[in-house]
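Each chain gets a letter, A, B, C, D and E, in the order it is written, and its residues are counted from 1.
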Amino acid sequence: MNALKGFSAPIVTGVVLLGLWEGVLALLDPKGFVLPAPSEIVGALIDNWDAVFQGARITGFVAVSGLIAGIILGILAALLVTRFRTANETITPLAVAVNAIPIIALAPIFNNWFGLTSPRSNQAIVVALVFFPIFINTTRGLSQVDRSQIELMESYAASRSRITREVRIPNAMPFFFTALKLAASLAVIAAIVAEYFGGRQDALGPMITQSAGLTRYDDAWAAVLAGTAIGAVLYFAVIVLERVAMPWNSLVRNPK
Amino acid sequence: MSEVPSMDEATSAAQGASSLVIDIRGATKVFNPGKSNQVEALGEIDLSVGPGEFITLIGPSGCGKSTLLRLVASLIPPSAGTVQVNGKPAEQARLDRDYGMAFQTAGLFDWRSVTKNIELPLELMGWSRGARRRRVAEMLEMVKLSEFANHHPSELSGGMQQRVAIARALSFSPSLLLMDEPFGALDEMTREHMQDELLRIWEETETTVVFVTHSIPEAVYLSTRAIVMSPRPGGIASIIDVDLGDRNASTRDDPAFFTKVTEVRTALRKVEE
Amino acid sequence: MPNTDTMAAADDPLVREHRIKQQAAQEQRRDTVVRVVRQTVTFVVFLGLLAGLYTGYKAFGQSIGDAQHDWAVVGSVLPRTDDLNMPPVGEIFGQFGETPGGQDRIYAHILFDEAVFTLREAFAGFLVGLVIGMAIALALAQWRRLEQGLLPYVIASQTIPLIAIAPIIVIWGRKNFDVFPWEWQDWMSVSVIATYLTFFPVAVNGLRGLQSPRPENQELMESYAANWFQTLWRLRLPASLPYLFAALKIAATASIVGAIVGEISAGVEGGLGRRILREAFNYTTGPDRLFASVLGAAVLGIFVFLVVTAVERLVVGHQTQESTT
Amino acid sequence: GNDDDEASEPAPSPATEAPAAPEPTEAPAPEPVELQEVSLQLQWVPQSQFAGFFAARDLGFYEDVGLDVTIIDGGLDIVPATVLDSGGADFAVSWVPRGLVPREEGLNITNIAQVFQRSGTLQVSFVDAGITGPSDLEGKLVGNWGFGNEFELLAGLVSVGLDPQSDVTLVQQDFNMTALVNGDIDAAQAMIYNEYAQVLETIDPDTGELFQPEDFSVIDWNDVGTAMLQDAIWADADKLETDAEYRDIAVRFVEASLRGWIHCRDNFNECVDIVVGASPPFGGPAHQAWMMNEINALIWPSPGGVGIMDQALYDQTIDVATSQGILQAAPDAGAFRTDIAEEAVANLEAAGHDVYGNDFARRTVEVKEGGN
Amino acid sequence: MSEVPSMDEATSAAQGASSLVIDIRGATKVFNPGKSNQVEALGEIDLSVGPGEFITLIGPSGCGKSTLLRLVASLIPPSAGTVQVNGKPAEQARLDRDYGMAFQTAGLFDWRSVTKNIELPLELMGWSRGARRRRVAEMLEMVKLSEFANHHPSELSGGMQQRVAIARALSFSPSLLLMDEPFGALDEMTREHMQDELLRIWEETETTVVFVTHSIPEAVYLSTRAIVMSPRPGGIASIIDVDLGDRNASTRDDPAFFTKVTEVRTALRKVEE
């Protein structure tokens, strides 16, 4: 499993971190309710497994579907923009600036636009958050192509779409995956924050705030853990996907 | 402002269709014409190259060597004049894939294996899978990289990459080979080795080669004619016929070789004033 | 153009090459001006276009009776168009000039004051995040083992929904941080949340930046028998600046997001977060004000982005600007 | 504008009680200059819901009892109980269930004054939806805010034999009524003093006029019998036992706060102005006036004296909470104590204040668009 | 396993303190010893360089030229044997800043102006501001870049950057100059120009130079002694004394020059077998 190598150091660190956390809490014993020990969180997770699992399913669906939609839209927009060069010169900085908007603030508006009960409003937040990094980076990747590679293809009288397929898209892959790693984490955060403003109550977002609101911090952290797990799964899925999709890239990174 | 060279074309086709591989008449190239950053890259150029010739272009940086090569490749159009390749307009020759091209950097596609890099032009020409594989095997044999068929470019040394690029340029047996400083990045030892390889291929396949270089010994060692270019605007300063016959290990130690080197150096010094 | 050509040393090919380069640089500067102008124009056109699109879509929706609810598929994808859900553009912008009941300032002025408040929280958080992020980057750059083991957790830390910890931070702040010579303020808790979002891009890109000097540059410093700090100060830090600024652009925006979300969570009065919460509460009776306040947040986000960009120009203007990737 | 003269009218009236009130009770106060600093954590942002506290602060009632009170705003994620327990505030305003649940989680807090005598939570729907009682909610999309605001709703559903998990769809509702107006949900949660007013301050797009009360049908949990006690003053239970000074402060704090509430009952407009002036509240002045009126109605009359726990309503609250699984078990006796409030009420009565408000009557408050 | 060379050191200091700039005795270098990827980069090397010499190292890629240079610079320690510079251990010479070093790429700091780049070693040595400025002015004069004092490296051409790097290496007047393919990236014309510059500086300042190159003509043109290295493990194959006297424009056309070129080439061919 070449794709899985290099995970041992993080696992060791993780165990150490968790041990430290548990140990410090056991030693100092601050009022345990604010930051429960990992064991308590796991206990709460087991107790509430059904509810947390259900919540993770709902939130996970919003995050993943929004992520996919955002990726598709981002890539399409990037392809469109690279097709027209002047558009690229002007739209890319524009997108960078628009990306600076705190999109979370749109949540209450989106809830009304797409309906409080529809998952669309939460997905829309995820899409909006995911779209920009994907779009900006993919555009860079599609346009920052080695000039001589394009000329080579031209010397073969290759068509425009062929050049896009053979040169631009492979060239954009590392850029795309960099953005995707960012987007994977963003998607979960966006989904949870969006749920916070409306939508189904059995999702992770409400579960976290509601439990915290009732000082059931172990339950809240159990739900946080579920959210983190979704984020981590997505992140590592992206890494595995990257290694599968760009076998040549790992060669570049670990030159032997 | 390229005029349609209908008459010209007809005559030249009649005259030299079979005799000239490259026929450049009064070609000029101005970049960004009319703008503040206008660059007159090439003044009027006239140049004819016959079949089987090995032409090297040498000259100071910015004198238009690459531009001239790209005119021939029809990657850019001339501002005036005509460029004919194999008796037809350069554009047509490009569409007919009459030439192979290699650049200063190997310009391989990281995401394709060595085999698939060499296959690329064949794929684009619609060769069958079997034919492609056979040809790639031959080419790998020729550049002595058979054992690296399934490696990716990043696993190869610079010199090996360059050989792949040359294999790619040669893979579809173009009658014309355009090379822009292909050995610039190599160290001297590897470079000399590659020069011998290229000469061998040139002799075996009887292609015509136009080769850009910065190195005087390289220009002399390789070419049948060395063309010294001058800058601002780019033009042909002098043409030095080189006839060293069969080149081999001792050629480089040959006084005749040194004489030609000195001759090219003198021509270059004049250009640089 | 030919003003310098008569100078001496024209025989030196290097000097000649330099002249050509300089000329190119000059032309590039001119191009930059043209590009900035063009970009500004596009931005304005884009805004106009957006407003037009909004209005057009709204008009279209209204003309067909705003019946998207009934469209089986499309209805759930496209926003509703009535005035409650899409207030007319004119009304949204009109809000800026209006004076809300019980206030003596126009809305734009109120928003401005609140934006300044949020900016302060965000800025404090941003600075602390910068320091923490760089400290992490330095530590990870120093010890490779640490990098392998810890970096995934630095990344994972961002998958923890900060909403969940916002109230915890506020409580922690009030309870535990009284050790400081000054009293802990709630807005500082908000800053902590901003910090949480800021440190991450700084740490990750800072690490890449610190590792970016070429080996021969490192060896050069070694050949001068430079100590660790000299190498850091004279080589590694300056080399990391382009990477760092790419991160700071993200971090600046993120710190605003953190401050807004933190204000909403923590009940801090005076900032845009509270403003958005307030207008969300009043949405039913005054939707246009929520839109206006969200626009205010957008302007603030773009503002900090531009500030960082401007600082970057000042600090590393001559260096080629690195991309975010 | 037009209320001002009315407001200035009752203003002198406290003067009749003023000379009687503070002097005799405060006579023993030994430190007339040094005010003790005390903080109060609100459950939400400044609004008429907390008018009594603001009035007590702004009119010097706290000062009269030797206290300098800082009022801390609430927020979406601020849990007053946690703030109180962690020492972030000396006292907190919290609904009873939202204090009891943390208590069960191990926070040592106790209810020392039950200010509100009834619940202000409604479930509002459009008349044509035909939802007149909890049983009509079956199969509907039911909005609520969570954070413990949903307990009465859940209990109400159970009381008519509905399963909240399966028989209705619970929806996370914004803190406004847009979802109801948009038709996203069938019934929206609303506080009688806040969101219910808000929807009445909204223009009906069909008529171009404000929505009218007749347009809505309202489920009032007080009527259903699942109402739970709301705003109460909470204090640190341990400290009350061990720290005599803290207990003394608590008595004075409750006394001055209740005096504020009495003042707001009798000086309606003044209190609305105080709230609007305290910090820009979420709703406009008209909205705050509506709220003041409804809040007064939640407090008054107080049959056992303002701030004194009504045991029957407490039992009902516990009943609902335990039957819902909101609380695992009925809380122990330390969950609330009446001694402090009784002492405070005795002092107030001695000073000549009406602590029962038996003749309180709702006013008619004009609804204005947007509450402005 | 470097033994403490206390006795050795004493004798060598007595013998050659004033006479030898570099004294390498039995130095070897093994990378990753004991691991699966162990590389024996240098076999036993003995080499002495006297003051004022201009030594070039030439050899196939991977033969350990850079490694040898880095041993002298004490950027890496030898696996065995001793390396002495100016009569003291190399490590001490590094700490005393006895040498200046230039790399294949100019390796300038983009964020520092030309002046500040040249100042860098002086800053680190704690020179006063005034002294630094005076020295930089001298150095700029020497490399003919006075008008570019406040430019940033990215505004300079490759050749100019290289000159700045050389000025930086020379700024604190080290008695020893170590250069690792400094002209590798330049085109032939610029390169020849830079070679002349370097020779002029070497003559004026009477430093000792160790210079790594891939180019045979460069090695011959520059050095007083050309050291041809052989690979696997790296070792000294032959040492060719070159004495072309004063070098100038006509040297490169001189038959004596060609003779030496051929001699070096022959030595290299042998090594490459």
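Remarks
The criterion applied here is as follows: a contact is a pair of C-beta atoms (placed from the backbone, for glycine too) under 8 Å apart; a residue touches a chain by one contact, two chains touch by 3 or more.
What you see is a predicted model; the values in this text were computed from it and never measured.
Among the remaining chains, those touching subunit A as well as subunit D are C. Distance from each chain's C-alpha mean to the overall C-alpha mean is smallest for C.
Should one ask which of A-C and C-D has more C-beta pairs in contact, the pair is A-C.
Put simply, the C-alpha centre of subunit B and that of subunit C have 49 angstrom between them.
Subunit A and subunit E have centres, each the mean of its CA atoms, that are 51 Å apart.
Look at where the CA atoms of subunit C average out and do the same for subunit D: the two points lie 40 Å apart. We define each chain's centre as the mean of its Cα atoms; on that basis subunit B and subunit E are separated by 36 Å. Looking at subunit E, one finds that residues 189-190 touch two or more other chains.
Annotation for subunit A: residues 34, 108, 112, 115, 118, 196-197, 205, 209, 212 touch two or more other chains. Shared interface positions of subunit D, i.e. residues touching 2 or more other chains, are given as 76-77, 79, 82, 86, 174, 178, 182.
Remark: subunit D residues 45, 72-79, 82-83, 86-88, 174-178, 181-183, 198-199, 201-202, 205, 276, 279-280, 282-285, 369-372 touch subunit C in the complex. Residues 76-77, 79, 81-82, 85-86, 98, 101-102, 105-107, 141, 143-144, 146-148, 169-174, 178-179, 182, 184-185 of subunit D are the ones that touch subunit A when the two sit in their complex.
Residues of subunit A touching subunit C in their complex: 6, 9-10, 12-14, 17, 34-35, 89-91, 93-94, 96-106, 108-110, 112-115, 118, 120, 136-137, 140, 144, 174-175, 178-179, 181, 185, 188-189, 192-193, 196-197, 204-205, 208-209, 212, 217, 220-221, 223-224, 227-228, 230-232, 235.
Taken in their complex, subunit E has these residues touching subunit C: 70, 73, 75, 94-95, 97, 99-101, 103-105, 107, 109-112, 120-121, 123-125, 144, 148, 152, 154-157, 159-160, 163, 189-190, 193. Within the complex formed with subunit D, the subunit A residues making contact are 31-34, 108, 111-112, 115-118, 195-203, 205-206, 209-210, 212-216.
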